[in-house]
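The structure's right below; bear with me while I get my questions together.
Order of writing sets the chain letters: A, B, C and D. Residues in each chain are counted from 1.
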Amino acid sequence: MIKKIGVLTSGGDSPGMNAAIRAVARVGALEGLEVYGIYNGYKGMVDGDIELLTRDHLSDVLDRGGTFLGSARLPEFKEIEVRKKAVEQLQKHGIEAVVVIGGDGSYRGAAALTKMGINCIAIPGTIDNDITSTDSTIGFDTALNTVVDAVDKLRDTSNSHHRCSVVEVMGNRCGDLALFSGIACGAEIIVTAQTGFDEIEVLDALKEFDISKKKKHAIVIISEKITDVESFARKVSQFTGFSGRATVLGHVQRGGSPTPNDRVLASRMGEKAVDLLLQGIGGQCVGIQKGEVVGVPIEEALNIPRVSRKDLKNLFDRLV
Amino acid sequence: MIKKIGVLTSGGDSPGMNAAIRAVARVGALEGLEVYGIYNGYKGMVDGDIELLTRDHLSDVLDRGGTFLGSARLPEFKEIEVRKKAVEQLQKHGIEAVVVIGGDGSYRGAAALTKMGINCIAIPGTIDNDITSTDSTIGFDTALNTVVDAVDKLRDTSNSHHRCSVVEVMGNRCGDLALFSGIACGAEIIVTAQTGFDEIEVLDALKEFDISKKKKHAIVIISEKITDVESFARKVSQFTGFSGRATVLGHVQRGGSPTPNDRVLASRMGEKAVDLLLQGIGGQCVGIQKGEVVGVPIEEALNIPRVSRKDLKNLFDRLV
Amino acid sequence: MIKKIGVLTSGGDSPGMNAAIRAVARVGALEGLEVYGIYNGYKGMVDGDIELLTRDHLSDVLDRGGTFLGSARLPEFKEIEVRKKAVEQLQKHGIEAVVVIGGDGSYRGAAALTKMGINCIAIPGTIDNDITSTDSTIGFDTALNTVVDAVDKLRDTSNSHHRCSVVEVMGNRCGDLALFSGIACGAEIIVTAQTGFDEIEVLDALKEFDISKKKKHAIVIISEKITDVESFARKVSQFTGFSGRATVLGHVQRGGSPTPNDRVLASRMGEKAVDLLLQGIGGQCVGIQKGEVVGVPIEEALNIPRVSRKDLKNLFDRLV
Amino acid sequence: MIKKIGVLTSGGDSPGMNAAIRAVARVGALEGLEVYGIYNGYKGMVDGDIELLTRDHLSDVLDRGGTFLGSARLPEFKEIEVRKKAVEQLQKHGIEAVVVIGGDGSYRGAAALTKMGINCIAIPGTIDNDITSTDSTIGFDTALNTVVDAVDKLRDTSNSHHRCSVVEVMGNRCGDLALFSGIACGAEIIVTAQTGFDEIEVLDALKEFDISKKKKHAIVIISEKITDVESFARKVSQFTGFSGRATVLGHVQRGGSPTPNDRVLASRMGEKAVDLLLQGIGGQCVGIQKGEVVGVPIEEALNIPRVSRKDLKNLFDRLV
């Protein structure tokens, strides 16, 4: 049986990563493993920036955003030479298996390492909810709370000024942050990669909210990288009765103390990852599907199509 | 097809009830229904305290805790004579069907009314998560956030004083609030109706946390109605190295702006309830099961056994 | 003695305005006055958009951001003809005196109306803390909390990525939001109209934080309208070891449930305004100076120089 | 000039203590001092539980509640023998002066040590705002926010049920938490050591709120140690039209991330304490008076009478 495992966080950080690291370390220790923290993602793996995790590392991290292990992107990890160095470093420390917490970019690295003899299990840590092998990623719920909190505040002030707030939220490929926050905040319009964006159509809809529906304010939530929200807000002022104001929520969405949901989800996923490694399994990623925590082969996971949100988009439309 | 429906909230209030009322009213209106608010639960039904809901009632309620319709308990509603009066009042207003938002006490009333010719759909609104026909009730997520927020604060101060915080949370029959918050907060011990309570055993465990594990503080989370937490905290001071302090979170857990999760869940459930009524269906309750919003006959729903939380309890134990 | 007074909110809204309106209305009613709400600032005064305030208007507004009376800017109010129309409308309603809640733009209107025979008292409602006749404006404390909450979140994620967060906060003429949040968040650098901005110097300081002081992240807080934070963040990435990311907090800072401080301050100021009017005084503005709520003639107030923040800036420098 | 100073936290902890420790350590280090952390208050001083503070101790503490130095009460510190031991320990470490952060109990210790040759400066760290030599203590603003947040939640649910919430808050000798939160939350009644408590009178007032004023709910805020709120709530149910519910907020009020106000106040006070020590001054306590941070001889400070809150109590009465 394995004796030493590593854990790292990779890609953009997300609230709850610390809770996942803690679960890996605590459950691992209970099962007799030595658990090593690998700093700054795959970069620290290559550089040998590796340290045994003790109880001291783990106290007071559960409720902290970010990742105390640090995170970094290392595009060169695609190169076999770089990965070989990483494997050498792991072997030097006697680390036989690794838990990788991050977005789907990190998944490929985990799959590649597994093929090179280091069993890896990936855990979905990203606020974008854009990993199709899990119903929910670690950090999505916290980011959603941050967005809704901000939009609730914008509504206070929009309401006072007959204003249209145009809010850019994270999540490009996956519009979940926009869609869920749109329903939760009672937004008037949402625009995501899934809905598409027809500027004229949105402006016309806003005119109608102003004139026919006599709304005192309007909220438009738009996923990032779809349009320039500053310039769109100017058009709102120009072509509708509302005064348009843009807000780009930005990196604030990545921070904050994780919600209970994210802490519990991260804990469950960290536990599952260790259990899979203990069974000698590698090359899988952990997901939550219909309430169950499951392991899915990474290659398979990366090809699962995105779930349709037609029902929720339809609900959004019926509530406006 | 039906033309007029009513909506009421019953039993203890929970955050998200307003979002559910709004969804019922908005979706109903879109489908051509007149939607009436019935004030103060079944009591208002009997008294004829009923009013057509307009857009004005619904603006600015989505993010508000409580229920703007008010809620009340009416034990006499079990009596046929009382229910007959209620039906008369509904008929006077031309109300053909009703959406009831509340705990399982309210479900029985909804089933009984359906038998008397008024199709009713029940929606689970309670912070206790104690309704077995749904994976999650409206308000549970918000209450969980409130509990975790409070316990995070207690940990700050327990940590500074080598203290053991004994925290009583709501949820008697169902220990979910204690269990989920225990995992989310990194509590040392949880006590629920499901775990049982052996005082000596808990005190011994605390001694071990103090002496062998050298913990600087400890958190014990206990479901309500299991023991007197004040007197238990005194015993902690007496028999362990920790200074015990009791906190009863109480009704604060019922309030607060609903989380995004609760707002979305309430909106989905409100939509489903109207859709069922439009199909001529009554006597069902709405639930979310494995991510799907479903309708379940109330009689059947009340007999579904509670789901086991062994996995989560086991996770809790592995993380301490 | 006067019998009828009006109250309006003008300029940008700020959290706590509702609490001030409520205090004016409640204290006024207790003193036997009829208190009228004037909607959308001076615009509603000119248009006669005026309504008697009842208890119903005032329940549940104390903890709400924004202003339920709405706010608008009306530059034309500088013109005597426009002001004459406003006075006519007030006379039509029998309104003898007005409380104006807003920024210093609104103060001039209040002074002008007073000269035309309508006693006006101004209350400082703005998040910018840029009114020199008061130590604190209504909304500043709430905005400061919002900024600090956001920067705390940014630090989580900056910390994980060796990043420099460049944060634009509101307040142009007055750098208090930047200065106070900089101290409260442990920012590395603050830039305000008072400190000035030397790009090279700031970049050099960041290099030093990175190299000599080995900081894992850096926070730069900049008042609005000083520089383009997006382009500055790019320079941070280019010229220092940090990866620079810009965040423009924007209108979120204007919203949110007012803090206890702002609610109490607003209540005290609303009370004072009514008391001044009852004494037959007009043309004054209310301020809090060294803990005392005082009335100051508006003409005088507008010429008070800004208080120096050298002590606090010095403290900031000593803490970095 | 002095070379080595110590810093400790004593008595009940309060949010912002960490910010004060950080300011002492940072400003001290900048001025060339070695700053030592003394753990667990005077107890650690006697036991020699003392450690040099480095940058590592201070990163990430600014936004944390509690005190990372720990706190404890040591009644024996009144005894000269115990204090002598403490002085010996300090001398062993070469510590010439100490900053003591805590309530007025700690002040006496600081005064006594100063007389024994160790210059001490005391900083007011307590949520109760009961130190008369300062307008505000570190932690009061955060506790006030916690109370108001909780009462806002209780109002949601009280509102839904025609309920009277009876809320016990901290602060016995000093009713500021009750008074300020009462104004901020729009409570119906407040009871403090300063107002006194006449049960019949309060019940009569509640009856009037119910019957004459037709209030849908009522909030009563009571300082701790004045009456048994559980039993009083039962009387409310018995003798008025409201259903009474008691909530004891308890130790939650001591925790939480400090507000910006408390962080800035703590930073200013920590700076002042070091500056006084550098000037060779001891036996003083730091306070904020009318916006100025000042030093006051401890003996004098302990005899300053409590400021009257008649104005604020009067405001409260006018707003109900």
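Note that contacts are C-beta pairs under 8 Å (C-beta built on N, C-alpha and C of every residue); 3 or more make two chains touch, one makes a residue touch a chain.
Keep in mind that this is a model prediction, so the values were computed, not measured.
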**Prompt:** So chain A and chain B: same face meeting same face, with over half the numbers shared, or different?
**Reply:** same
**Prompt:** What rotation angle superposes the Cα atoms of chain C onto chain D, in degrees to the nearest 5?
**Reply:** 180
**Per Cα centroids, the chain farthest from chain C** = B
**Asked** Taking each chain's centre as the mean of its CA atoms, how far is chain A from chain B in angstrom?
**Response** 28
**Prompt:** At what distance in angstrom does the C-alpha mean of chain C lie from that of chain B?
**Reply:** 39
**Asked** Approximately how many whole Å separate the CA-defined centres of chain A and chain C?
**Response** 35
**Item:** Numbers and ranges of chain A residues touching at least 2 other chains
**Value:** 152, 159
**Complete:** Checked against the stated definition, the touching pairs are A-B, A-C, B-D, C-D
**Asked** Quick one: in the complex, what on chain B touches chain A?
**Response** 22-23, 26-27, 30, 60, 62-63, 135, 141, 144-145, 147-148, 152, 159, 180-181, 183-186, 257, 259-261, 263-264, 267-268, 271, 290-291, 312, 315, 318-320
**Asked** Okay, in this complex, where on chain B does chain D touch?
**Response** 9, 13, 15, 17, 64-67, 70-72, 146, 150, 152-162, 165, 216, 245-248, 250-252, 254-256
